[in-house]
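Paired with chain B in one complex and with chain C in the other, chain A is shared by the two complexes that follow.
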Partner chain A sequence: MSLFVLSLGFGVVTASVLSIAALGFTLQFGISNVLNLAYSSFMTLAGFIAYWLNTKGLDIWLCLVVATAATAILSLGLSRVVYEPFIRRGARSFEILIISLAVGVAITNLLLAFIGPSGFSYPGVQRASVYHFAGLTLSSDQLVVVAIAVVLMIGSHLLLTATSIGRALRATAENSELARACGIATPRITRIVWLLSGALCGAAGVVLFLSISSFSVQSGQDFLIPIVAAAVLGGIGQPYGAMLGALIIGLASEVSAAFINPSDKEVVAFALLVLVLLARPQGLFAEAARQREVIT
Partner chain B sequence: MSSAAQFYLTNILVFFGVDLIAVWGLNLQFGVTGIVNFAFIVLQSAGAYTAALLTLGPSSGNGGFQHYFGGTRLPFPLPLIAAGFVGAILSALLAILTRRRLRGDYAAMVLLVVSLMATTIVQNQSGFLNGSAGLSLVPAPFQSIMNLTLVGYAWFYVGLTAVLCLIALAVVRAISNSPLGRAMRASRDNEESAAAIGLDVSRARMTAYVVGGALAGVSGALLVQYIGTWAPGAWLYPETFVYFAAVIVGGRGNVLGVAIGSLLVNIAIVEVTRYLPQFGPAGFIDAMQWVVIGLLIMAFLWLRPRGIVPERARQYDLARRPGAGRAASRESADREAEAP
Partner chain C sequence: MRATRLSQVPLVLTTAAAIVAALGVASCAKAGSSSAAPGAHSTLIIGLFDPFTGPDAIFGQEMVPPCRAAVQVINSSGGVLGHKLACKVVDTRGDPADAVPAARQMIATTPNLVGIIGPSSDEMDATAPIINAAHIPFVTNSGEPSFNHTHLQYYWRNTPSDDATGYAMAVRAIGLHFTRGAAVFGNDINAQANVPGLLASFPKSGRKVVINLQLAPTQSSYETEVARVIAAHPDVLFSEADSQTSATFLGEYKQLNHGKLPPVIVTNVGMQPDWYKAVSGVIGKQMMTDVTGVQTYASFTGPAYQAYKAALLGLKGVPDVQQYFTNTYVMSYYDNVMTFAIAMLAAKSVNPVIWNPFIPRVTGSGGGVVVHTFAAAASKLPGTSVDYVGAIGPQSFNQWHNSSGGFEVAQWLPNGQLKQLAIITAAQVSALQSGG
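Presenting the complex of A and B:
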C-alpha cells in the first residue's frame, strides 16, 4: 500500500509535467492544424536555455520565466518562418509533418553538436528539503513543479473561458471558417496560439528537467511518447482532454512502475496509446478529432 | 587497386545495395502510395535481428556473453527469407494499428511513437535482443566454407547484394506497373476519388505496407550479415528520416530517382564527411550531418518538391478505346502537360 501511495506521488509529478506539455501540443494542433513533431526538441531547447542561464548565476525560477518567454518567441518564429510559408504554398499535411520532423532532428542535433550527449543537472537547485504527508514523499522542487502545473492549468482554463482571446481561440479551434466569418482575425489567433503553446512547451521543458535528476539532449525526445499518448487519449485538439489524458497517463505509468520494471513505464503509456487507437481512435473527447477530420 | 581501396569500395557497394533495397521499399509506401511510415527503420531492424537470431545459434554460444531469445543456426537463404517475412508481418501490424482511416499525418505521428517505443523496449529488455549492447559476431553466409580472402569474400557479397537488388527492383517495378500500382497512386493522389471509382484503397495500402516491410526486412538481414553486428544505436528514429530524405531528394514515386537520392543522401553525405578535417567537439560532424539532412529535406520540399528525377506523368491512350475520339486523347495529353 505504501509503495502504491509513494508511486502515486511520482505519478502526480509526472502528470504535472505532462499536462503542461500535452496542453501546449494539443492547443497548437487544434488551432493551427499542424502536428508539430519539433515540439519535444523545443522542450529540450528550453531546458538548456534555462540551464545556460542557471550556470550564469540566474535564479532557477527566473530561468524558468526567461526560457518560457524565449521558447514562446522561437515557436512563433518557427511558425512564421517555416510552417506558414509552406502552408501558403499549399503543402499537404504530411509534408508539414515531415518538415516538422526535419526541424526537430536539426535542433536536437545542433544541441548535440554543441552540448554533447552527457547528462546535466541544474547547478543552482538544491534538492535538500523533503516533505512527507499522507504517505507521500515529495521534494520541495517536485512540489513546486506540481504547483506550477496547477497554476498553468487554472490560468489556461481562465484564459480559454473568461477572456475574449480565449473565446476566439476556442471558436477558431471549433470551426475556423465560421470564426473568420464572425469577424475573428484567425491569422492573429493562430499566431497567438503559437506563442501560447511555445510558452507551455518551454515551461514544460524546464519543469521536466527539474523533475528528473539528470537530463541530456535526448530527454525531451523520450517525452514525446507520453505527450502523444496523453493528447491522443484526450482527443487530439481538446485542451481539457489533454489535461485529463496527462493525468491518466502520468499516474498509470508511475503507479505501474512500482510493480513492474521501472524502465518499462513508457511501455504503459504506449500500451494505452495503442489501446485507444484500436478501440476509440477519436479519444475520450471526440469532437475536435471529428472537426479536424483526423478520423473519418 | 590496393586491397585497402578494394575493401573500401566493396563496403560502399554493399551499403549502397542495402540502402537501395530499403529505399525502394519506402518508395513503394511513401512515394507510390503516400503512406508516411515513420516506423520504417523498425522494419529494417526487425529483419536484421531476425537474420542475426537465425544465424547466431543458441544464446549460450561464444561463452554466453550476449543474451537473446530463440537463436538457431539456419543455412543461408533461410534467415534472409525469414527476415523478409518478419518485416512484412510487422508492417502489416502497423497497417492494422493505423487502419482506422486516420488522417495521414496523425497516423505518421503514431508510427513515430512506435519507432521510439521499439527502441526503448529493445534497450531495456537485456535478455530479449541483448539490450543496448546489441548482437554481435553474426556469421556471414558461406564465409567459413568459402576459403576466400577478406576482400575476395567482400566481392562475393557485393555480387549477392546486386542479385538481391535486381530481385527487389523487379518486384517494385512489377507492382508499380500493375493495376494495383495504379490503385496505389490513385489512393495517394486522392483517396476519396480512388475509393469512389471502385478501387480497393485498403488493399493497395496493405500491399504497400507488406511489400515495403518485406524489402526493409531483407535489407536489414543483408546488412547485418555483412557487418556482423546490430544494436539499437543503429536504428534510432532519425535513420528513417534519412531514407525519407533520399526519397524526397531523388523524386517520390520514381524508382531511378530514389536510387539517385539514396546515392546522394545515404552514401555521398556520409562518405564526404569522412574526409572532412575533424574539428569541434567529439561527435560534432556526425551531429551536423543530421542538421544538413534536415535542411536538405526542407530545401527540396520548398524548391523542388518533386525531386531530382520527378515521377513521370503516365499517359493512357484513350484513343484506342472504342467511342473515344482523337480530341479526347489530345485533351488528356494537354492536361498531362499542364500538370505541375
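Presenting the complex of A and C:
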C-alpha cells in the first residue's frame, strides 16, 4: 500500500479532529473578539466528562453528546462570569488573553489535583474493525470521527447560511455596531456563539481523546497551537477558513511524517502556515477576513 | 482607558523596587547554602527534586512513598544523631525554566536541607551545578551520559546511564536472535540518550536497524509513523517514550498490524506503573506480555529487599503500594535516603560537607561489615565500618561518582506485576561497548 495514500487517510482523520476544534475557536473569536486560550483546557474537561460517564456504563457516543452539551453550558458560564465583567470594565484584548490563559492553567491544575497525572482510556472503547479501501486503512472509530466532522461542518454551514440566527451571527462578525443598529441583539448573539463554540470545543475534546486512545489532563494542551494555526491559516474569524486551514495542517503533518523525521512534522505544518501568511497575511479567506484587534 | 493607580507610580521607582527585590532574593539564595551545619535536634530535610507535574510527573510522584518509608524507618530507630528526617517535595515541572528558580528557592528557603533525590534528565543540566554549588549531596535519577565523567563533587548516581541502557537493549535482542530492529524513541533528551548505544551495538553480524524514528510526544496520531515501521518489517521494536505517546503509538500499531505487536523492548520508562496503565488500557492486558524492558538490576529476594517491602507496607495513606515492589528506581530512592542517613552516622556529622565523602565508604565497596537495614548500621556505627547493601544491591561508585551495575530484563504480566526474565551483567554491556 502506498505510504503516501495511507498518510492522506490519516491526515483526513487528524484534520477532522482539528476542524471541529478550529471551527469553534474561530467562530467564538470572530464574534466576541476574545482569544480564548482556555479553549484547549475545556477540550480536556470535556474529554474527562465523557470518561467519567463512560466509566458509569454510558455508551461513548452518548457520552460525546452529554459532554458536548456540558461544555457548551460551561463555556457560556465562563464568558458570563469571567470575560464579560472584565470587558465591561474596559479590559483590552491583550488583558483578556492573559485572563484566558490563567483560566486555562487553573482548569488544568484543578483537573490534575482531582484526577492526577496518570493516563486513562475510555473503558468502553476498543479499536475493533479496520477497513481497507482505495489504499486507505481506517478503523470504524476513525470513520465515525470523520463523519462527525463532516456533519458538524455541514451543520455549521447550514446554520450560517439558512437560518436567521446564522445571518445574525455573520452580520455581528462583519460589523457588530452596524448589526446592533439594524436591530440585532448582539449581546444575545454573542452568548449564542459561546454556546456553539463550547459545544464544538466539547465535541473536539472527546473525539481527540478517542483518536489518541490514551489521555491525561495534559493532553489537550498540545492541541492548542495547531488549533490556532488552523484558524489563523484560514483567516481568523472565518468558519470556512478554519475548516480549510485544519485540512491543510492535518494533511501536511501526516504526509510529511511519511517522508521526513516524524518529530519534525509539525515544523512542516507551521512552515506552511508562515509561507501562506507571508503571501496572504489575513489568511486564505483574505477577502472576507476582518482585521481583529488582538494586541493593542 | 482609565489610568490605574499603579500606572501613576513613577516608572523609575517601580523599577528600582524590582531590582532591590531581585537582589534580596539572590542574596537569600546564597545565604541559604546548606554548607552550614543544621541546628541541634532540628529536622533534617531530604528534598525530592523532580517533575511532579507535566508529562514526566510520574518521576517525582513515585519518589514520595520510598522516601516516606525510609524516613519512617530511620525516625523509628531514633533518627540520625538526635535529628529526625522528613521529605520535602519540590516540583521542577520537568522544565529547566521552572526548575532553576525552584532549585534556588528550595536552597534559600529550606533550612536543614541535607540531601536531595533528583534531579531528572529534564532539568539536570540546568540545576546540577546550582545544587552542587550549595554543597548538597544529590543522587540523580537522570541517565544523561554527559555526567558519566563529571567533576561535581556532590553528584551521585546509582542507576545506569542511558547510553549503557541502549547497549543492554541490544544485548537482550541479540540473545533472542532478532536481526531486524526498529528504533522508535521519543525526541526528548531522556529517550534519545539510549539510541547511540543501540545503534552502535545492534547492527553487526547481519543484524540491522531497519528504521530509526523520533516521535514528537503527545501527538494526536502516529499512524503514519506506524505505517513506516510496519513497512520496514522489523522483528523487534526498541522504544522509549512517555506513557501517552507509547500508548497511542502501540495502540495504532496493533490496529494497523492486524491486531498484533512485534516483541517490544523498552527501557525503565516502560517499566513504570503509569506506563503499564496507559498502554494496557489501549492494547489490552494480555498483550502486555509482548513488552519486556531493561532496567537497573535488583534482586527481589533477600533481607534488604524484605526490609524495603516491609517499610513500604508500613506506610499509611499510600494506595496500591504493591506497584512499587518491583520498581527498581523506587527501590533506589529508598536506598538513597538510607545511604544519606548511614553516611551521616559514619561521619558523626549531619553537615553535608562533612558526610558527603562517606557515601562510597558506606555503600558496599568499603570493606566493612555488610548491613541491610538502618538499625543494623546504627548499632555498629561509628565504631565499626559498615557497607550498606540495600534493596538495589551493592553499589560501587567510580571516581566520577557513578555506580551502574547490571541490568535486569523484566516482562509485564497481565496483572500489572513484573517478572524477571534474565540478568544482563555489566560485563556483557562493557563487551558490547568495547566493540565485542
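The definition used in the following text is that the second predicted complex is superposed on the first by the 278 of 296 C-alpha atoms of A that agree within 3 Å, B and C clash if a C-alpha of one lies under 4 Å from a C-alpha of the other, contacts with A are read in each partner's own complex, and residues count from 1 in each chain.
Criterion: contacts are C-beta pairs under 8 Å (C-beta built on N, C-alpha and C of every residue); 3 or more make two chains touch, one makes a residue touch a chain.
Keep in mind that what you see is a predicted model, and the values were worked out from it rather than measured.
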With both structures lined up on chain A, is it a clash or a fit for chain B and chain C?
clash
With the two structures laid over each other on chain A, which partner does A:93 touch: chain B (first), chain C (second), both, or neither?
first
Quick one: classify A:263 as touching chain B (first), chain C (second), both or neither.
both
Let me test your reading of the model: by the given contact rule, A:273 touches which partner, first (chain B), second (chain C), both or neither?
first
Using the superposition on chain A described above, determine whether A:112 touches chain B (first), chain C (second), both, or neither.
both
Using the superposition on chain A described above, determine whether A:222 touches chain B (first), chain C (second), both, or neither.
both
State whether A:35 touches chain B only (first), chain C only (second), both chains, or neither.
first
Partner chain(s) touched by A:15 [first = chain B, second = chain C, both, neither]:
neither
On the A-aligned overlay, A:3 touches which partner chain: chain B = first, chain C = second, or both, or neither?
second
For A:101, using the defined touch cut-off, is the partner it touches chain B, chain C, both, or neither? Pick first, second, both or neither.
first
Candidates 93-101, 255-263 or 309-317 checked on chain C; the stretch that hits chain B is 93-101
Note: overlapping chain A surface for chain B and chain C spans 92, 109, 112, 117, 222, 261, 263-264, 266
Which bits of chain B are touching chain A when the two form their complex?
34, 36, 38, 97-98, 100-106, 108-110, 112-113, 116-117, 120-121, 124, 238, 241, 244, 248, 280-284, 287-291, 293-295, 297-298, 301-302, 305
Contact set on chain A toward chain B in their complex
35, 37, 82, 85-86, 89, 91-99, 101-103, 105-106, 108-110, 112-114, 116-117, 221-222, 224-225, 228-229, 232, 236, 261, 263-264, 266-267, 270, 273-274, 277-278, 281, 292-296
Quick one: in the complex, what on chain C touches chain A?
1-2, 53-55, 57-58, 61, 187, 213-225, 227-228, 231, 243-244, 247-248, 251-252, 254-256, 258, 274, 277-279, 281-282, 284
Name, in rising order, each residue of chain A that touches chain C in their complex.
1, 3, 6-7, 10-11, 13-14, 17-18, 90, 92, 109, 112, 117-121, 123, 126-127, 130, 137, 139, 208, 211-216, 218-219, 222-223, 254-255, 257-258, 261-266
